[in-house]
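Residue numbering begins at 1 within each chain, and the chains themselves are lettered A, B and C in the order written.
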Amino acid sequence: MKNIIKITASLFLIFTLSVSVVSAQSWSVPNLSKKKQNPYDTSTKNISSGKKIYNINCKSCHGDATMRNMLPLQPVAPSDLGSQAFLMQTDGEIYYKVNKGNGAMPTFKKTLNDESKWMVITYLRSFDKNKKVSKKIAEVKNPEVSDVKLLLDINKETKSVSANLTGVTKKGARVALQGIELSFKVKRSFGYLDISGNDAYTNEQGMIEIPFPSDLPGDREGHVNLLVKVTDDAYYGEITVDRIATLGVPTDPENPLDERAMWGTRANAPIWIIVSYVGGVLSIWSIIFLVLFQLIKLPKLAKTEE
Amino acid sequence: MKEETSNNSRRKFLKSVGLSVGAAGVVSGFSLLGAAKAAAQEPGETVNLLTQDGQLVKVDKNQLRPTVSEPLTELQKRGREGIAGKSFVMVIDLSKCRNARKCMDACQNHHQLRTDQHHINVLQMQDAEHTAPYFMPKPCQHCDNPPCTKVCPVDATFKRQDGIVLIDNERCIGCRFCIAACPYSARIFQWTEPKDAEKYKNLTYNIESNVPQKKGTVSKCLFSADRLREDKLPSCVSSCPNGVYYFGDRNEDAVTNGTSGETVRFTKLIKENAGYTLMEELGTKPRVYYLPPKNRAFEFNGDLLNEENLH
Amino acid sequence: MNDLPEQKETTLSFEKIKEDILRPMQNHKGLELWIVFLITVIGVCAWAYYVQLRDGLGVTGMRDYVSWGLYIANFVFFVAVSLVGMLISSILGLLRINWITPISRIAEIIAVAFVAVAGLVIVLDMGRPDRVLNVLIHGRFQSPILWDVTVITTYLVISLLLLILPMIPDLAICKNELKKTSPVLKKLYNILSFGYINTPSQHKHLHKMIRTLMVLIVPVGLAIHTVTSWLFAATLRNGWDTTIFGPYFVAGAFVAGSAALIVAMYFFRVSYKLQDYITDVQFDKMGKLMVAVCLVYLYFNLNEFLVPGYKMKTGDDIHLKELFTGNWAIMFWSSQLFGNVIPIMLLVTKKFRKPLPIMIISLFIIAAAWIKRYVIVIPTMLHPHLPIQNVPENFVHYYPSAIEISVTVLSFALALLIITVLAKIFPIIPICETADNEGIDYKIEA
């Protein structure tokens, strides 16, 4: 048993060493680039938008920051971008690498614009314990709680959605949970439309209010399927509430088949074309049949003459 | 050069991941009885089945639940009616397309097509002599004023209430008038026996995927209408590795990206990116919108439009 | 009129007319051999169609881009030729123009044969001919194909009636004269003569019916070719998307049909020895008529090509350049020159309106007219709005396959067979009408 641990440990060491050698060789960043500064400030808003961009573009390989749930790729596994080892680099270094790509890491030079890239860096920097300027999103220390409750309230007058996040402390008191990011989503056919905006963190009362987009269509009655969740499952597990809210714009779906049209089926043919066709056929063929009928009379005419 | 090879390895990696995910999909998307029950029975006849993912699999008959087959008329009926209240649209972001052709592969796999038959075709375009070339995936535009359904003599091709233009190959007489009428060259004809005709022979015809294909009839892109019924994105949309496609319901004002799964407002996407429709001067009112190839994610690497490729 | 050679027509008697016209129907070795030959050709080519049925339309040269090819071009040609029935026996007949009397039946036979085969060619082109009845069961009022099927059927029926009705007096004669013919034909003559004995009331009654049909066929005849042109003009394709296609096709049809009639006239005149009936006058007049319809056609061609050629709109430009100077230039210019310009120049001179020269010119016109239909159909399909890409090489070009050519030959052989058989069992020149024209009195026995 000990042996196995030793072997794995040494293998791990060799592996990490070789990785660092590889990365040192192939991913050196020019000095000028290292000095590049992040032009955006570390506001919660920027961190939040950075997180969204991260989740769409980076998470599939790098996993959640600080969670060490990256894809186990060979030979070089992606790093945990929330780890302190990674965050030792300067903003300029990270920016350079995001632009360049390396190995399985693609270039984001053109897939992301500069602002998005800096937002991601701002978000990652929020995990940096050494940076004095950095502000962690959940700065406020919430007490350890159980039985976390997410309550949803819909205000039809102001067309807004508010949520309240609370938990029960060890002492048995229900307290508000502060500074937690919530996601407000509206169900659509093939996914959820995020309407949270950039600043969806609970306040001291554990409250948050989000305006519902005034022009978002609902069903015939304006119903929409609303879903609110604690964005980061890491805090309290998966906590979601969904509700049917009458906040959408009532939309009566237009049925293109209600109209008679040239492109429609036979049943939907324009009246004038049915009338023209049937009228034309009937008039021509009635004359033909009239002639045929007259033709039958021809032999009789011979007899009457005689 | 180095970048090139590393890109390749990444693509290969993605491919293998995609394959295993696909295989998992087959098993989960398939109605199988418990393994114990199957083991208890003698292995009987096998049948060919088409899964929702468009994969054809051979299965023991004993393992099937009887709910799988639906009578032809019922499929035809609901296929012709369409999904009530929906109005499907597609948005294609030309700045993201790098001619990976995963959409074409997925489509051909789903709809029993050979590699030279295209419901969706990625074209190399150049609008004028000195303008920049770009890749343009071109599915059926599912026009709201469709020139093809206008000319069909037998109601074999028609538009349904959700906006999708379908073809009924149980009805089609093979006159090919619709092919002549379509300005987007979106329709194909089964000139010979379709691919794997033997394999698909005993399947009930599903008008929403136009499978099995039939010799002597027309076929076309259907926005994977069979998948939409289960709130799944069309095959091409969900197979794109580059985030080119958005697909959704115009009535909901939302489209979902097939690669990232991100859902965005349709009007906003079109407005912010100056979306347009193809050959709008023809008055066909397409349901497929294009976002111009601006700030491209990839360099155009097509064979720079030799004359013969253009015309 | 006076400068035309006076022929011995004045000496014609009713007996001579009867004999001259009924003779080839009873005994004509060459005709029988010709029928055997045509049946052989049809038999061989029917095998080609069987192959197409068995293996699908993939045996043709057509593919996804050129999805209409030789068959459709040929269909348009057949419809065009069939229009001669309406032009000669109806329009000129209603104008009471006398010189058409001996050739009106030939025109009507051509019309029947070509329109019947045109309908068949459409079926030959279908991917699923077994579902042809779907057009009746599920027919959409909005589809030009339904209109086309309707007008072709109607035109065939009226043309058949216009063939049979004026023939009733002649068939009454056949019934009496052709004693040695087969019992089937005897029965046919008996039924189709409708007990006609040329009483004044029967004569009046019959001609009233004929005139009704002559009026009726004018709109139907115009419709058949206009609707055929709409098969193309109803699309958004470069080269087809034009508003003058209807009259343009009708004008072209008059040219092709007249040429076909002249050729048929010549062969019947020589083979049936009908120089006394189909005289130089008829050829001369047909020559003049040909110049007239060619001029109209030229005018339409000018409009069809000069106007878009002047603008060179996107899409049109590729198409027109291909026609004018590109891969299609030889076919395009030869169809214009041999089918239009040169015939006009030649036929204004009297000596080219003699039977043999005008027959040869007409052969050229027919060939040019056929090529013209080919040039209308295929180049447009080769130049769609969007580029043709990611398909095998044979999708980008179009060459008709041997099977396709054989099936096309089949359609020609079938049309010729119908003409020959009709000319074998029916008098090719109206006996009674000719006598009427000559002012000869005749009686038809019961």
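Please note the rule applied: contacts are C-beta pairs under 8 Å (C-beta built on N, C-alpha and C of every residue); 3 or more make two chains touch, one makes a residue touch a chain.
The structure displayed is predicted, hence computed values, not measured ones.
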| item | value |
| --- | --- |
| Category of the chain touch graph - line, ring, star, complete, other | complete |
| Closest chain to global C-alpha mean, per-chain Cα centroids | B |
| Between subunit A and subunit C, centroid-to-centroid distance (C-alpha), Å | 66 |
| Distance between chain centroids, defined by C-alpha means - subunit B, subunit C (Å) | 46 |
| Whole-Å separation of chain centres (CA-atom averages), subunit A against subunit B | 22 |
| Sequence positions of subunit A contacting 2 or more other chains | 262-266 |
| Residue list for subunit C, restricted to those that touch at least two other chains | 138-140, 142, 146 |
| Subunit B residues counted as touching two or more neighbouring chains | 147, 150, 155 |
| Interface residues, subunit B side, partner subunit A - complex | 3, 6-7, 9-10, 13, 84-87, 96, 144-147, 149-150, 155, 158-161, 163, 231-233, 247-249, 251-256, 260-265, 295-298 |
| Subunit C contact footprint on subunit A (complex, rising order) | 262-266, 269-270, 273-274, 277-278, 281, 284-285, 287-288, 290-292, 294-295, 297-299, 301-305 |
| Contact footprint of subunit B on subunit C as seen in their complex | 55-58, 60, 62-65, 67-68, 122, 125-129, 131-132, 134-135, 137-140, 142-146, 149, 231-232, 234-237, 318, 381, 383-392, 395-396 |
| Subunit A residues within the subunit B interface of the complex | 56-57, 73, 101-104, 106-107, 110-111, 113, 186, 188-194, 213, 215-217, 219, 251, 253-257, 261-266 |
| Parts of subunit B lying in touch with subunit C, wherever the complex brings them together | 104, 116-118, 121-125, 138, 147, 150-156, 171-177, 179-181, 183-185, 187-193, 215-218, 279, 282, 284, 308-311 |
